[in-house]
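Below is one structure. I have some questions about it.
In order of appearance the chains are A, B, C, D, E and F, and numbering begins at 1 in each one.
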Amino acid sequence: MSRFGEDLEHPHRLHGGYQTPVSRLWQGPSVKTLNPHNLMWPIFITDDSNGMEEIKSLTGQYRVGVNKIVEYLRPHVENGLQSIMLFGVPGNNVKDATGSSAGQNEGLVVPAIKAIVKAYPDLFISCDVCLCAYTDHGHCGIFQFDGSIDNPASIHRLAEISLAYAKAGAHMVAPSDMMDGRILAIKDALAANGLDGKCMVLSYAAKFASAFYGPFRDAAKSAPGKGDRSGYQLPPGGRGLALRALDRDAEQGADMLMVKPGMPYLDVCRDAKERHPELPLAVYQVSGEFMMIHHAANAGGLALRPTVEETLVSFQRAGVDLIITYFTPQLLQWWQEDKK
Amino acid sequence: MSRFGEDLEHPHRLHGGYQTPVSRLWQGPSVKTLNPHNLMWPIFITDDSNGMEEIKSLTGQYRVGVNKIVEYLRPHVENGLQSIMLFGVPGNNVKDATGSSAGQNEGLVVPAIKAIVKAYPDLFISCDVCLCAYTDHGHCGIFQFDGSIDNPASIHRLAEISLAYAKAGAHMVAPSDMMDGRILAIKDALAANGLDGKCMVLSYAAKFASAFYGPFRDAAKSAPGKGDRSGYQLPPGGRGLALRALDRDAEQGADMLMVKPGMPYLDVCRDAKERHPELPLAVYQVSGEFMMIHHAANAGGLALRPTVEETLVSFQRAGVDLIITYFTPQLLQWWQEDKK
Amino acid sequence: MSRFGEDLEHPHRLHGGYQTPVSRLWQGPSVKTLNPHNLMWPIFITDDSNGMEEIKSLTGQYRVGVNKIVEYLRPHVENGLQSIMLFGVPGNNVKDATGSSAGQNEGLVVPAIKAIVKAYPDLFISCDVCLCAYTDHGHCGIFQFDGSIDNPASIHRLAEISLAYAKAGAHMVAPSDMMDGRILAIKDALAANGLDGKCMVLSYAAKFASAFYGPFRDAAKSAPGKGDRSGYQLPPGGRGLALRALDRDAEQGADMLMVKPGMPYLDVCRDAKERHPELPLAVYQVSGEFMMIHHAANAGGLALRPTVEETLVSFQRAGVDLIITYFTPQLLQWWQEDKK
Amino acid sequence: MSRFGEDLEHPHRLHGGYQTPVSRLWQGPSVKTLNPHNLMWPIFITDDSNGMEEIKSLTGQYRVGVNKIVEYLRPHVENGLQSIMLFGVPGNNVKDATGSSAGQNEGLVVPAIKAIVKAYPDLFISCDVCLCAYTDHGHCGIFQFDGSIDNPASIHRLAEISLAYAKAGAHMVAPSDMMDGRILAIKDALAANGLDGKCMVLSYAAKFASAFYGPFRDAAKSAPGKGDRSGYQLPPGGRGLALRALDRDAEQGADMLMVKPGMPYLDVCRDAKERHPELPLAVYQVSGEFMMIHHAANAGGLALRPTVEETLVSFQRAGVDLIITYFTPQLLQWWQEDKK
Amino acid sequence: MSRFGEDLEHPHRLHGGYQTPVSRLWQGPSVKTLNPHNLMWPIFITDDSNGMEEIKSLTGQYRVGVNKIVEYLRPHVENGLQSIMLFGVPGNNVKDATGSSAGQNEGLVVPAIKAIVKAYPDLFISCDVCLCAYTDHGHCGIFQFDGSIDNPASIHRLAEISLAYAKAGAHMVAPSDMMDGRILAIKDALAANGLDGKCMVLSYAAKFASAFYGPFRDAAKSAPGKGDRSGYQLPPGGRGLALRALDRDAEQGADMLMVKPGMPYLDVCRDAKERHPELPLAVYQVSGEFMMIHHAANAGGLALRPTVEETLVSFQRAGVDLIITYFTPQLLQWWQEDKK
Amino acid sequence: MSRFGEDLEHPHRLHGGYQTPVSRLWQGPSVKTLNPHNLMWPIFITDDSNGMEEIKSLTGQYRVGVNKIVEYLRPHVENGLQSIMLFGVPGNNVKDATGSSAGQNEGLVVPAIKAIVKAYPDLFISCDVCLCAYTDHGHCGIFQFDGSIDNPASIHRLAEISLAYAKAGAHMVAPSDMMDGRILAIKDALAANGLDGKCMVLSYAAKFASAFYGPFRDAAKSAPGKGDRSGYQLPPGGRGLALRALDRDAEQGADMLMVKPGMPYLDVCRDAKERHPELPLAVYQVSGEFMMIHHAANAGGLALRPTVEETLVSFQRAGVDLIITYFTPQLLQWWQEDKK
């Protein structure tokens, strides 16, 4: 057994490279490479202007009314919060076939943008753009008579909403609908109004029809009435479709690309970064990912902070620049405590 | 707004490709491409020969004694079970500094292999090979006087254990220790005994120091007494180290490569398949992944079967050929029911 | 000769990786990775509405009238048939210089689509689109006065036919003519009618002028009266032309690409998948391939089932997602019997 | 519909490139690029020294005794035959467990080599090297007591046979056994005798366990008595194993690589040429391929000559340099007739 | 001029992506991605044990004696210093032809390592390894009689020194000599003493014969007496040689690679990271780079802090993980002040 | 010790390749590959027609009036000067909101071009095109009412200026403004006047918001009054944005691409050449780079000539074809002296 030890080739010995905490940091991303600007926090705006309603299905998250939003954000801004993503949660009374209440001045998101811009001019505001929370059928597009998606009408509506948000001061609009061609339509609308240099477009380019969205649909009250979204969201195994969607949205002018959900699609993040190194890459750690870590931590099966941080480091390892996550305020809090 | 619709380039319209259930199947892997041979079930062998002890931290999994193992496997073999991975869970009384009880004829795994081979000659038996469950300090290697790993002694011991399992009839040994050079040592030992053409070696090549192992350590009673495994398991952000480990183990003769954990390292699976298309690729969906899905499903946050199947499809999309998962018997049961 | 055995490098020993039936399955595609959704069955529709005429040159295949088509398909649908491709075989009386009877409402294929959609709403219907069976000269395009192909007129006609099939309910049209630019023309026509999100386009992109089409021309009664197709089908050695055709059709919006014939062009399948991983890939196992296996099996030279399955596994190994083959009903039957 | 024609991008118009017979030749390989030196003819040597026995399962092929071999080859040499591959077909009386009669001076192949070298010094002689025709069990290697392959003993035997053929004057030996490490063993043996610069080694590197070998086993009387060759020949879907085998044999010194069978593995030919452009590539158009074309041609389904030539052009398109085919004398004859 | 504005393609408008401070951070590295663990500070150890001598040619840097080193480091460790690199500056009295005083127990660096390890066990200590400061001729290797480098003797000496530093507790040795094969020699020596898993090797792999080393030679008193280093350091235009050196040192087992100098070789950093993504990459911002920024800032031509930070961000943009820079204490100080 | 020396693999020995001055020249660019045509000299034209004002912040550079420019250039033209780049430095009295004096016939640059063309018809004249020196706010574009850039108006103005310079006889215009779409606007304007075949466009494509521009702003009197240029110049870490800018400008018709500043962005030069090998690549060694070398040389820290030449060789090694540098006359002088 003389072969053990001396015959092993040097590059085959790996241990030496990560024996100390410092040298481990040189091997790639780690908690030390996570910064507040890498995190974006999703915020739900309710139609009850004074509302502050806990979302049971999303631990620690609230549906907040426009009159309460500034106060709600304050402790987190003080902890270093740098960017948020707004979701409107309208009441059933304003829902209709075309989601016409989305983007209205008297609506939910537009006043919220204005209030936040005024209170926190340095806070980066992005807005989810979709129809599903505003339509009575709960789908992300407008239908034709035969029950199929009316793609031109849908992307026209999405462009109108995006324009309204940009005019109100949003720094970024993020269409999550997966209609064909919405990036082009939105960029056209912004450009026609001289706003395309002021409001970025983040494309939910590789958004999959996933089982991990469960808790969110409750939070945003956006589950479709009937049918599912498998006709416009991508099938989970659809790597080729994801590549085509990423390519298309880059070609149509997206300023940033997104993969969603996050952890179950880390390989698609890697694909996206390899194919589009010229654009920043976002990932959405969705409600199901968030909650299953919470449930497991509560049950004692997993340690919360190391698990959360490992998932974030994994996103960076896979090439992600911006992580949209419900864990944002918790992480800012932990990091604040570390400094003390 | 005349641009909507007619101006969209054809390759930019994606919806048409996945409007029907059949065409969705053409876009990539799906539940239809998952087969029983893609699944391997981890089995824990306890030192209580007649034992059948439920593992609370791992829903539905048991520690089984050698006298009960054949009966324990029967319903699953009848449901189509094709491969298993054995883990020994020895009692504290046999643990020592060098894990000398591992691979003993009168031990746990060797008699289990013999019993299973006899009862189910077509069942593929792989055996985890490590020291951590057999050492009194709970680490995966043997220590030198100064408290550092004695790498030559460790891989010598791992090769002895592997040889014992191969002689007993195992079709594959799978070293999970992350000592440098163990693949070469094991292949040398097998070759010197004419067994390298009969017993494959599956390398846990890219095994990360992860927070997702929590429940397993209880199942295998293998948590280290003090210290952690960050000196031999890879740091979570260590993509470069993972590439080096995969390259090394392929060069030293591994017959299959593994990434572990699974979902938080899907991008590393993609890296592994791109770099080593000539070898089959395995992934270990670890205890933390298994349990957080269970907890979330129990809490009503996620639907169990679609979530489980989505994770498996994601593995295939990322290039994985073999999935080691505690969900194996559940999946075989679901698929059996589908046929009725 | 001391070198034998111990000096062989481990990665150079391959046997160990495929000693058991299970481990062989991990090495790549096999009969276990073939699913009904990977198969598409070509069907010939005759102008005799009540016809059920065996095609002597294509063992076990029939020309079927529109009144008989539903019954003809029933046993195969029950065996798991998931997709078909329709070919019209008009009588000589309706043939003319421009193939004007193709795509007519009172024609062959349109009523057949309607009947099948109604009877089997889950069966995926694709339709071959070409002029050769409908023109009196038997060529795939329309001619100019000087005897050369009138490419604009030809692709206009092909687009009209495609539109007719899509309106009748076809899920996919598959132009096999090899005229330049037909994919763009067809997508334009579908888009102008709001059907491009509902009806896929499968391009016979790499279709070669092959000797293996012999039996088909009898089946479809589509042999050209004079001349051959070497001016529009690709020369067999034309790898560069095939790559250009695949690239073009992807750029013009094809939802799936095809290589035809199959086995003699497996290397082109590999080329196609390397170059267009973002699109599903089909192959047509043509009449000559089908019949030579039948003839050899009948003569006792080859075993039918293993030979057929090996050819299908080879398609998957070369990157193919969908196999169009006359063996479809036979395979479904064999697989049905395996379950018993 | 103004878009047809004028809007088509120039690179998308392909017809122009292959409108004339001459320009078609520029697009890639064709019958014009096939030369006699691209063809190698397999020849069977029987133990009946004066024998000339037609092989029913292989149309037009004979088992020929050593006394008749020179005359048998004469017309073909006159037609331009440039290379042959010899297979010995010994009688059952000399078969034993280790195939000891292979490579004997008084055997079949050694005297045949000597006779041919003397008669046709310019004819390139390669010799298949295997044990299956010489062992009483019909397998390609030697067995250990436990019924598994004794790899060191097997490759030792193969090296002895190769050396015998090289000493007799063979220009190339071609081991078809698929034992691990035989290329290294053979090169060692040749080098130790100063013959490695005189006798090439052609490795059957990517040889698959195929259904297309049926007729050959009758021709060479080499079917295994029991068991099959799936433990050493590659599984048909095993692309990764094929890449590893090609890599290994190139590393061990093979002068040429082979893929076998041919047409069903054209994608593997492409893989082989991409990965090893530094070596010439051979393909074996096996007995099943040969016979199914014959059967189909006899039945009138395919035209013999265009079909045969298309398969050969396909090999060249896929990167093949040398084609081993039973059609060799027929092709030489056709080409001879073309000249008249 | 109607084309302005509306005709510009969306992906061609870049401004929108970096209008806010937050979105600029998403576009790549910035001061926010620089962490203390990315910095390593070079320290000079003088033979005057109680010395504390300012180096005039290197603003703010000192030659420090072993008795003062612990105190010298204290304020910087308190500011977050994580790693240092030690250079010995021996007196002329101990210099000889073979640099025999380097690595002696009673020498400079060995006692300094021991003192620092004891005082700051978490501080990562790397040691420059070279002969030039210890030889009387001032070259980095040992000479043969004919005046050429004695490469074997030189790398033997370098391995001895490295071993001495590793035994004293250094976490990394960094040979800067550019002799062929020193990485292999050093790894052999470390491995033979069981230290290769404890002490990393950082190769100055791409070290160029540069004009930017001027100030250092004064600091380390290491200028060669006669001749220059162009026979072993790389010529500035030698990209090919640099790639070969990087490849070689990776193959011989380097744990990290270095490019030196830094800014004038940023393209070589990019080359190094593309070619060796599996290893961390270091850069040395050399004395000439350091001083010319200082001189320009003093003259009022450049603003110090933005210029320094821009150079560090540039290193990260080019793929660098670890920056060895004399600016380290200044940066830690600035960052500390930012927190207040 | 047997391993040192003799065990080193041959490709791992590098010294042999650069032992002589001649063989060093074979390894890549060097001072011998630098030619006068690789250098372009920036020239500042002042509004004092007879002016000859030394620029204190840029050693040895002058602001020269149009009446003096011919004489100023004469000694350098005689030394081999081949190309220059003109910058206008207007007086404050002509500055306004839109930079309307730029490109006027009675202005600075147009008469200078005419004078130089007449005096030195073989001297290649390029002209920087920007607004910052001509606007009263000192920004590179025109503003809208809300204080944001009016991109269409800005690129319209830039195109007018470019056209004026081209009409005056400039061989190249070089827009340095970083407005989106200016290359397209300029090429349109040139083409509309038949000048696009006569006047090249060199795009400052990858121009970063750098601290190294300090001295220039004094030279050109172009510092912005308030605000900075971070909204249109690229952030230093913005590799992705640089790739997009290079791609865009290549697509819009740039004849040459530029990276600016030089040394701190050498990796971007490498990126640019890899991505656009089809275009010549320029680099601007900016004022801060120029001055810090001067300051360090004056202080005795660096040797001037070797340092300057090393920076130029580094540009060539990184793929640069043309270097715009204030060192041009000094280099021409040195080279002239070398010839003596």
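To be clear about the criterion, a contact is a pair of C-beta atoms (placed from the backbone, for glycine too) under 8 Å apart; a residue touches a chain by one contact, two chains touch by 3 or more.
Keep in mind that what you see is a predicted model, and the values were worked out from it rather than measured.
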| item | value |
| --- | --- |
| Given subunit B and subunit F, the chains that contact each of them | A, E |
| Pair with more cross-chain C-beta pairs in contact, given A-F and A-E | A-E |
| From subunit D, the most remote chain by mean C-alpha position | F |
| Between subunit C and subunit E, centroid-to-centroid distance (C-alpha), Å | 63 |
| Centroid distance [mean C-alpha coordinates] between subunit D and subunit B, Å | 41 |
| Where subunit E and subunit F are represented by their mean Cα positions, the distance between them in whole Å | 32 |
| Multi-chain contact residues (two or more partners), subunit F | 149, 151, 180, 239-241, 244 |
| Chain-chain contacts as defined at top | A-B, A-C, A-E, A-F, B-C, B-D, B-E, C-D, E-F |
| Residues on subunit B engaged by subunit D in the complex (per definition of touch) | 194, 197-198, 277-280 |
| Interfacial residue positions of subunit B with respect to subunit E in the complex | 144, 148-149, 151, 180, 239-241, 243-244, 247 |
| Residues of subunit B defined as touching subunit C within the complex | 5-6, 8-11, 13, 15-17, 19-23, 25-27, 32-33, 35, 37, 82-83, 122, 124, 171-172, 183-184, 187, 191-192, 196-201, 250-253, 255-256, 280, 321-322, 339 |
| Parts of subunit C lying in touch with subunit D, wherever the complex brings them together | 1, 3-5, 7-8, 11-15, 17-19, 24, 27-30, 33, 57, 149, 151-152, 155-156, 159, 180-181, 184-185, 188, 210-212, 214-215, 230-232, 234-241, 244-245, 248, 251-252, 263-271, 287-288, 291-293, 295-296, 298-299, 301-303, 306-307, 310-311, 313-314, 316-319 |
